[in-house]
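Labels run A, B, C, D, E and F following the written order; every chain starts at residue 1.
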Amino acid sequence: MKKIEAIIKPFKLEEVKEGLAGLGISGMTVSEVKGFGRQKGHSEIYRGAEYTVDFVPKIKVEIVVEGSMVDKVIGVILAQAKTGQIGDGKVFVRPIENAYRIRTGEEGRKAI
Amino acid sequence: MKKILRKIPLLAVILLLFPLLAWGADETASIAGNAEAIKAVQSNADYVWTLVAAALVFFMQAGFAMVETGFTRAKNAVNILMKNLMDFAMGSIFYWAIGFGLMFGVTTTGWFGTSGFFLSDFSPGGDPWVLAFWMFQAVFAATAATIVSGAMAERTKFISYLIYSAVVSSLIYPIFGGWAWGGLFHGGGWLEKLGFIDFAGSTVVHSVGGWVALAGAIVLGPRIGKYTKDGKVRAIPGHNLPLAALGVFILWLGWFGFNPGSTTAANKDIAMIFVNTNLAAAAGCILAMVTSWLRFKKFDVGMSLNGALAGLVAITSPCASVTPLSSVIIGAIAGVIVVFAVLFFDMIKIDDPVGAISVHGVCGAWGTLSAGIFNIGGTSVKIIGVQLLGIGTAFAWAFTTAFVMFKLI
Amino acid sequence: MKKILRKIPLLAVILLLFPLLAWGADETASIAGNAEAIKAVQSNADYVWTLVAAALVFFMQAGFAMVETGFTRAKNAVNILMKNLMDFAMGSIFYWAIGFGLMFGVTTTGWFGTSGFFLSDFSPGGDPWVLAFWMFQAVFAATAATIVSGAMAERTKFISYLIYSAVVSSLIYPIFGGWAWGGLFHGGGWLEKLGFIDFAGSTVVHSVGGWVALAGAIVLGPRIGKYTKDGKVRAIPGHNLPLAALGVFILWLGWFGFNPGSTTAANKDIAMIFVNTNLAAAAGCILAMVTSWLRFKKFDVGMSLNGALAGLVAITSPCASVTPLSSVIIGAIAGVIVVFAVLFFDMIKIDDPVGAISVHGVCGAWGTLSAGIFNIGGTSVKIIGVQLLGIGTAFAWAFTTAFVMFKLI
Amino acid sequence: MKKILRKIPLLAVILLLFPLLAWGADETASIAGNAEAIKAVQSNADYVWTLVAAALVFFMQAGFAMVETGFTRAKNAVNILMKNLMDFAMGSIFYWAIGFGLMFGVTTTGWFGTSGFFLSDFSPGGDPWVLAFWMFQAVFAATAATIVSGAMAERTKFISYLIYSAVVSSLIYPIFGGWAWGGLFHGGGWLEKLGFIDFAGSTVVHSVGGWVALAGAIVLGPRIGKYTKDGKVRAIPGHNLPLAALGVFILWLGWFGFNPGSTTAANKDIAMIFVNTNLAAAAGCILAMVTSWLRFKKFDVGMSLNGALAGLVAITSPCASVTPLSSVIIGAIAGVIVVFAVLFFDMIKIDDPVGAISVHGVCGAWGTLSAGIFNIGGTSVKIIGVQLLGIGTAFAWAFTTAFVMFKLI
Amino acid sequence: MKKIEAIIKPFKLEEVKEGLAGLGISGMTVSEVKGFGRQKGHSEIYRGAEYTVDFVPKIKVEIVVEGSMVDKVIGVILAQAKTGQIGDGKVFVRPIENAYRIRTGEEGRKAI
Amino acid sequence: MKKIEAIIKPFKLEEVKEGLAGLGISGMTVSEVKGFGRQKGHSEIYRGAEYTVDFVPKIKVEIVVEGSMVDKVIGVILAQAKTGQIGDGKVFVRPIENAYRIRTGEEGRKAI
């Protein structure tokens, strides 16, 4: 089982979601994060003083799937989240040893 | 009770008109009786207007609270609100106990009054004018006090702030106020005797507040992180501009009590004062927007809001003695001044989170000067001179006393 | 149309002054004509003041909405706002249809009125005083109704709340109101006949509202999670103190209409009422702050805000019949009472998210009592007795009827 | 200065009463003198009322700002506030420079005035009524201008908005206004000559604002994401309903200046106008709630808030010429209309973030019509006809000119 | 060393926390996330237009523990966070290679 | 490739950021979390009732780097985020199997 973690641009979430639904992905967890990378933040004026917001708002999407699905999922994300602009984000893949569904206690692949 | 009270005015009128009513029966209404009645009605109108205006000025407290909360960081919102609330509460009590007497009490020297503490001029059944007048003056005192909270925001201990607001509303403000306005009641200050023009208090209320704020900001030093080690200015953006904007609208509204109400009489003069107040505010707002745009190539809401306040502060002194056209000019200039004043104080590392020093101190001074320059009745070196004297005195008095006070507490 | 209307006052004056104008031509102005004109002008001033005051009292609705929103959780904000909006809307309609008639209609028994429903006392062209008076009374009724929403916040079904506010503004409030104030119009209540003093409604409006709130809080029970299994009180902090503070400032402003407006006449009495109202609020605010500080070693904004309201509620009844000094004392005591009242109701597990019961119920009772104790005209066992009777009656009536009502809906 | 000013009214009275005072000494008060004094006092009261009302109407700017901020997304809050602030500032200046002259200046054609620019009708020492009148009219002009910002929210460039608000307050609004109200001052419009009834401006202010908003919304097109590719409506929920609700309360308060103030005289007529205004708002609010509930099986705060405004807009025109009962009906109908209007404009893909077109445009038209239907003095085909003519003209004029303007900028 | 990541219903946090405290768990990190899964969001009316909030608010709890504790911790979470309703959430287990305590620089098990 | 996850005190973020920039770290993802550990929250008074806020606000910093960088990065974080007070936070290291840059589809080390 793998966990796929994608850092994407906020307004791309809808498309990624729909793309994954297309693969029959039943669930995911999303959170708001601040990104720091090649894409630089913008500068603002506040009562005469300039200041730069160097973090860019991003969305982190976490999806746990069976090994077999990993490539499909990554493919979809790379396709859907892409604008071709700097700041599109990253996808990270990492191992998961086990998963449980709290409601039923089911374990492993049945849990996701 | 209410019932009885409700009747009193009737009673009054009845008594006044007694002849007439009688006359209703047997033709003996008197001219004198009518004349008395007319005066009574006019004076009722004066009471209503003065007190409605006082209510509007009171509401400015909410305006200041919102502006300061909006222009500072979320974590300090509660602290700032607490201060805005308490300085009005403390101000009311101390101005009642001490301040009013020093400002408007009988004075031999012209330096401070010595009667009328605890509203002792009023005795049940006596003429209640002193109460209406006190109410209007009390909200002015509280305004002067609350101006300061903005400049000292985000870094003042609460206790010291309580002490401070007691001192301002019982000593610093009333004593200077007495010099310029004492004659409105039992007092008679040296400054007004020289013909100092400050109709609604650009200097008496706003500059004094602003200079006290300056002293406070200097003594406290800047907020942590406001200036980088290498001395660059770091903006600490306000967290809630909608609240700040609401605050400015509330203040603008309050000014319709602050300036026209200063007639403390229901008469036709208030019309021009209303118009002047509004035009100056509008001009200040627009010019501040334009200036900040030329300067930063961005529209700066904070500056535009300050510009409106700058215009209002500036017109406070001349509002009754200049034409609408002059008001537009006065406000516009204030709108430009405020932008550069804010930049200036930032440059010299005096940290004023809401721009209170620039808005109230600097533009208050400008407004007082403009009252001399644009005076409808014509101007003269002497008039200008007296205005400058007043401006200078205000700075000397407010800054010095406040500086000492802040050092002590 | 506007044009024509605009002319009406002129017309009025012209008619009244007809003799004079004529006289302008041929010297025949009459004393009687003048006397009439004077009365007309005074009565115009009465209309203006009463209605401006009504507008200020209306604005208290916004104050209540902000206080309640600020003192509760974000997730309930919308729900609470909806209630505050609807109870005013419902209140206006039901008070117009039913409440006003029961409160101020002609009554033989002194228990409730039976005329003037749907403003039937007014006929086009007739004397419009009933309209001005209704407007002022309607915003009072709505105040009583809206007080309750605070104590019942975060756990009331919306529909039941609609029913409830209809009942309060058409029955519970007006009937008691008629006992104390009916005589201000066509009515005449048994309580006022005994000489009960409640100038602007510490009991009639605030206590009644507070006791209804008490009944509601009891019937509904506390919010989930307010008390732990082992019976400890768990604070559920408000989510937006800036809004709550704004609300208190708005309420304070509104009170400058609530109390002085209760003269429903433009006269000099309003000066003392303004001053008393303001001083009591300030004292209440300060004492609540000090008390909570002594008690918790922390400055508690929530309590200080409640303290200001406590002072305002307390002075509502005596504001026209005590000296400014007494007002300070009355407010200060209210500020202390409210802190312990809040703790008390928490202790006995009556969950009142905004402290409405303590502020309006308890301090309303204190204020009514104080009106007897500090009465400018001197006090007596009888006066105190009547005040206590009124306080007791209010509790018995409001709590019982409300309890039954909440059980039913 | 203040001191001197303070004396002026006294002086005035003294002069007026001179005979009396003299008489105080030697019995020579004159009837004529009294008559003059009476007129002077009444006129002072007129000034006070007109200007207090103007202050309340000014405060509506804050109401609009809060409603629009609350009903839109957080990211646009600052932008919207900036617009609300600047359109008032620009409006004040341009209405002073150009608008007022076109609307109320001397006119031969009845199409637009040609005098009184820059308040040239006022000369120091002259009758200040023009100033009081200007103040009241200026806040009206600004209201018409600010209505539009709501419908264009979240997608207008700031610069174009500045230009737009200058055009509306110096041309579009004043010219139409002159047709209906010019005769209130030096002007005299063709529409009012036909007997068009629009007491406080359902059409002149609100419909005109609404139709300009409509043109704006059409030219700008909907916000991105408002309608899905497959043409479904996607709600873009407001981010801060507490602010929106506060805004509605503020607007409701402001309307107590907007409608009764339109007498521009302190007289008894204001009582009925107050009551009608309040009842219509309440009815509109309730009916909008019920309608949206029947329609969506959910209580919709946004709609209820719009309903209150719908009732207020509708009663603006008939408020002085219908009975309270009629007002309830008029408001109730407006409450129903607004719900369907909002749905309608969504359906035809005109994106109006705050519902300004439905509230001000549509309900303004309904209100103007209702003024004909429910007219206290009875109605007739002719009356209705003129009302419809006025409504149609407003649409034709405002929509066309605005459409062209938005295309150009 | 393992990291246990649980996605739970917000109002269950207190209970989970107490349960873990019972095991002597000294620390955890919590964040607000939005969940997407079998449990569907609700629909709202806004000024006449209906819209669905398809993300459900959830709480993510991250706990790093030694291998020996893993089962106990999972057991507690499964027990405490369970309501039996759809949307109860998931528990994921994943490897951690090392941990450090910033204050002391301590490494490995001593760090947690 | 490893992912380094640090839980730090919010006001330390600037310094950590600058420290990492010093190492030439091109990117990171930051989120607000609530911490629970040795450092206890504080107690507040609200209208007379006392309540304890037992979660402490923390910042989570996630950085994905090549194995070779890991120790340097950890060193910097331990140095920069340290105050010596309880509550300084933790650093966790975990394996990452793969990374992708959405913009380009680049994979592995080139992606970060």
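Just so it is clear, a contact is a pair of C-beta atoms (placed from the backbone, for glycine too) under 8 Å apart; a residue touches a chain by one contact, two chains touch by 3 or more.
Since this is a predicted model, take the numbers as computed values, not measurements.
The chains in contact with chain A and with chain D alike are B, E. Counting hops only between chains that touch, chain D reaches chain F in a minimum of 2.
Homomeric contact chain A/chain F is classed as different-residue, with under half of its interface positions used by both copies.
The distance from the centre of chain B to the centre of chain E, with each centre set as the mean of the Cα atoms, comes to 55 Å.
The geometric centre of chain E is 18 Å away from that of chain F, both derived from CA atoms. Once the centre of each chain is set as its mean CA position, chain C and chain D turn out to be 30 Å apart.
Each of the following residues of chain D touches two or more other chains: 31, 34, 38, 41, 45, 48, 52. Shown for chain A are the residues in touch with two or more other chains, namely 31, 94-95.
Chain contacts in this assembly follow no simple pattern; the graph is neither a line, a ring, a star nor complete.
Of all possible chain pairs, the ones that touch are A-B, A-E, A-F, B-C, B-D, C-D, C-F, D-E, E-F. By the touch criterion stated above, chain C contacts chain B in their complex at residues 31-32, 34-35, 38-39, 41-42, 45-46, 48-49, 52, 56, 181, 183-184, 192, 196-200, 241-242, 245-246, 248-250, 252-253, 256-257, 260, 262-272, 274-275, 278-279, 281-283, 285-286, 289, 299, 301, 304-305, 308, 320-321, 323-325, 328, 371, 376. By the touch criterion stated above, chain D contacts chain B in their complex at residues 1-3, 5-6, 8-10, 12-13, 17, 20, 23, 27, 29-31, 33-34, 37-38, 41, 43-45, 47-48, 51-52, 54-55, 58-59, 61-62, 65-66, 69, 77-78, 81-82, 84-86, 88-93, 96, 118-119, 122, 124, 128-129, 131-132, 134-135, 138, 158, 240, 243. Across the complex, chain C meets chain F through its residues 71, 233-238, 292, 295-296, 298, 300, 302-303, 306, 339, 342-343, 346, 355. Here chain E touches chain F in the complex through residues 3, 17, 26-31, 64, 94-103, 105, 111-112, going by the rule given at the top.
Residues 2, 6-8, 31-38, 55, 58, 60, 74, 77-78, 81-95 of chain E are the ones that touch chain A when the two sit in their complex.
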